[in-house]
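Two complexes, one shared chain (chain A), two partners (chain B, chain C).
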Partner chain A sequence: MALPQTVPFIGWAWDDLIFLVLAGLMLGGGLMVVLGRDIIRSGLFMVLSFAALAGIYVLLGAPLVAAAQVLIYIGAISVLILFAIMLTQSKAGPSNLVFHHQSWAGALAAVGLAVIIIVVVIYTDWPGAATGVVASATTLIANLLFTDYVLAFEVVSVLLLAAVIGGVFLAKREDSPDPGARAVDEPTLGRLPAPRDES
Partner chain B sequence: MTVIGRSWSRLTPAGKVLLPLLAVLLALPVLLVVGWATGFLPWLIGLLAQVLGANADIVRFLLAATVLLLFTVPTAFVIIFMEMKLIAFINLRLGPNRQGPWGVLSSTLHGLKVLAKEDFTPTGVDVPVFTLAPVVVYLGAIMTIMVIPFAPGLFGLDMDIGLLYFFAIAGMGVIGLMMAGWSSFNKYSLLGGLRAAAAIISYEIPLTLAVVGVIMLAGTMSLNQIVLQQAGSALDWYAFQQPLAFVIFFIAATAEAGRTPFDLTEADSEIVAGFATEYSGMRFGFFFFAEYVNVFILSALTATLFLGGWNAPFDLAIVLNALSVTVDPTIDPGSLGMGLLWLVLLGPPLVVLLLALPFWMLKSDWSFIKSLVVGFVLFNVVVMALIGIWAYMSFPVVAGLFWFLVKTFSLVALFVIMRGTLPRVRIDQLMGFAWKWLIPAALVNIFVTAAAILVIRSGTD
Partner chain C sequence: MSQSLDAYLILSGLLFAIGTFGFLARRNAIAMLMSIELMLNAVNLSIVAFGAFVPSLAGDGALIALFVMAVAAAEATVGLAIVIAIYRNKRTPLVDEYASMRE
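Moving on, here comes the complex of A and B:
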């Protein structure tokens, strides 16, 4: 869909306006993630921040990256993080985030990162305007991924597979083959004691 | 408190909506007259026309979005009615039969009832999250309609990455369910939300992996192109080239839509409707609205990917040729001349009489008026059928839409029949089935498809 040149009444270019809105949403969401008191809301603001970033990718003419961003960061990673928070937190528990005890260290780290990024941005020799946005980048990305960068691709796959196997091993280690057959008196970490027969 | 405030607080929620609307309706003529007399209105209309003309694409986008939103309402109503009737049939009950003939209005009235109910926010909930959750769920459902091709040339957007977009947006709905489950401040809701997250994350993997075979065969992720690749007869559908993927996709879609036998997320007998426990009024309605829209969308996607989308299962022209029937659907009313006038004047009454007479003669206890009414209804049915056949023959869009809806609603009926017949699985069975059976089967399907493509292509080269 082609947008007209300028926004009615304001006179800006559409791209600028949309970029400003999306960037504002992204930065605001990111700030709310670290400043919020409620950890679930922090997680939801993180989703908002990811979504705004996906919008910026679309604006830059990379819908494939945007779709991957939504699919992986929102659909999988954020959901898993929220899932973990919901399993471990409760509303009766402390509402203070653990980050709030480390706010000075966090602020120092943020400033340091900002300085590094600014230095990198200033001293990088940026290419000028793009020679033209490719309308359909899917085939190009697929070709590159399976020819020039196939080694990196496979290495990442193996790394992820190792992570998955390691995770399963860590989660499975303490379990007996059949949870129902566990001895009653065996103390289990983090579990409620099995009901005793008092009669 | 003033009299007005007291009266206002006594109104039902529906009244609180209707009364301001009535006031607006009464004030509108006055405002129009004043605006026209002062010349403010013509100036405003001129400005509006100028702005709209300069931004035609935005206007088109807003119109398309509105049409999309409105389209989901009758679809959900039809599916809800279908579900009530079909499950009643399976259960040897009558089902809804009071609102309209055969109860066809019952789901509409259900919708109005839900709209008029009190929208209650319980104590202790996380108010913004609680309020936003149904919106996120509903948006996640309807934004996916955009890429589904309904008929040749009838789709929101033919995206290059349509399928990826579909899965990305469909995965966002689960965040809404988790928001609802968490913010409700209720252990059943939390369990429902967690179950929804676990089930949808697990079943998204086989759902996506099953489609990879189709993408490899079609060579594209654009849904429109995938439909075009399946053109021809029913044997060209991917359901026959990818039977395993078809089965996996359908099972995973059932879980993704949260339908029986995988409706653990709302299992009303275990966790009292799960994430929706604390919701009331239209916010509760939105969850189930979204669920039925989801059923429609997943059926539509299954039809698009595996059952040829809007392609007809057979070519009508070949069948007609085999029967040596020639039909020329082009109608030229001008060639009739004065006969057209007589046809328009005398045709309908004569046909109505013709259809009414047998009833009047055969049913001795029917009055002539009653048989006339029945004749009129029959006449309308016949005319609608004739117009439908003519449109089917003349416009590929109508034919495509017809086959697409037939396939989609057959799959919806399958979903409903499954709900009426299958028992609910346990949560560990649900997860085990996805990880131990569906995902390996989907991976095998990918390897077999890739090998088959390699063998066949190397044979032809």
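Moving on, here comes the complex of A and C:
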């Protein structure tokens, strides 16, 4: 059974409907990230926003980027951020005052930025733009990666190595000689109590 | 609508503005980092949109977006490590409490 050419009862193309649904999910998720009071929920809505963006990448004919979005953003960065949230939550944390007192200025700046971007996009005639989506073949991307962009590829690998080393160095705690002394002056963030000295 | 470059660019601009507001208005350092991730995603969306609509950029757009993702992963790693290191000293994730560099 084949789908009809357009959406029944509305008459839109299917792509338009999917685009609108994904755009609504992405912007709604983004708004919930920014406006939500519970920061763990903010993190979960960020996953929703990333997933909708992966769908938009598929709509744009870039399935490789969509797969990388799911792997890197949803799989790695979101999990990293959720872990960091859980490590930095405290009882005396921010439950009632989520925004700065000057957040109205931030809202003004954001609305102004959105208006400027929309006006510029609408009134610019993009040169060389086709009228439809041109899907990018994965073999083309792979060829470009190892010919024109091979230097950037190597530099990114060095950058990732530096980031790993830097992250481990920054987040590592200073070793105190006595593990029992450490557990006293730090609140246990869901960790097990310090092991008792056997000797 | 899904076949016009303007729709994707406007969508990207709206997401970027949302991220800007979050970065300027939130007090929690991790919420600010999440807003930065939203802004990076918005920029990535516009890059992929240009790659999909400009035939001479076919392939380059997707590739640059992949590089941006790798750099964003590095940024998230180091940024979150810094936030956790500061949290360990200050016991709070709120950025307006971090005033020790002023004194």
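Just so it is clear, the second predicted complex is superposed on the first by the 130 of 199 C-alpha atoms of A that agree within 3 Å, B and C clash if a C-alpha of one lies under 4 Å from a C-alpha of the other, contacts with A are read in each partner's own complex, and residues count from 1 in each chain.
Here is the rule we go by: a residue touches a chain if its C-beta (ideal position, glycine included) is under 8 Å from a C-beta of that chain, and two chains touch if they have at least 3 such contacts.
This structure is a prediction, so every number in the text was calculated from the model and none was measured.
Q: Could you figure out whether chain B or chain C reaches more residues of chain A?
A: C
Q: With the two complexes superposed on chain A, say which partner A:G75 touches: chain B (first), chain C (second), both, or neither.
A: first
Q: Just checking: does A:I40 make contact with chain B only, chain C only, both, or neither of them? Give me first, second, both or neither.
A: A:I40 sits against chain B, while chain C stays out of touch.
Q: Let me test your reading of the model: by the given contact rule, A:A67 touches which partner, first (chain B), second (chain C), both or neither?
A: A:A67 contacts chain B only, not chain C.
Q: Is A:A109 in contact with chain B, with chain C, with both, or with neither (first, second, both, neither)?
A: A:A109 contacts chain C only, not chain B.
Q: Taking the superposition as given, does A:M86 touch the first partner, chain B, the second, chain C, both, or neither?
A: First partner only, chain B.
Q: Share the list of chain A residues that count as touching for chain B in one structure and for chain C in the other.
A: 64, 68, 76, 80, 87, 135-136
Q: Tell me, which parts of chain B touch chain A in their complex?
A: 51, 54-55, 57-58, 60-61, 124, 126, 129, 157, 159-161, 164-165, 167-169, 171-172, 174-175, 178-179, 181-183, 185, 190, 193-194, 197-198, 200-201, 204, 221
Q: Could you please specify the touching residues of chain C with respect to chain A in the complex?
A: Listed in rising order, the residues of chain C that touch chain A are 1-11, 13-31, 33-35, 37-38, 41, 44-45, 48-49, 51-56, 58-63, 65-67, 69-78, 80-85, 87-88, 91-94, 96.
Q: Hey, which residues of chain A end up touching chain B in the complex?
A: Its residues touching chain B are 1-4, 8, 38, 40-41, 44, 47, 63-64, 67-68, 70-71, 74-76, 78-80, 82-83, 86-87, 91, 135-136, 138.
Q: Going by the contact rule at the top, pick out the chain A residues touching chain C in the complex.
A: So the residues of chain A touching chain C come out as 13, 15-16, 18-20, 23, 26-27, 30-31, 33-34, 39, 42-43, 46, 49-50, 53, 56-57, 59-62, 64-65, 68-69, 72-73, 76-77, 80-81, 84-85, 87-90, 92-94, 97-100, 103, 105-107, 109-111, 113-114, 117-118, 121-122, 126, 128-137, 140-141, 143-145, 149, 152, 156, 159-160, 162-164, 166-171, 173.
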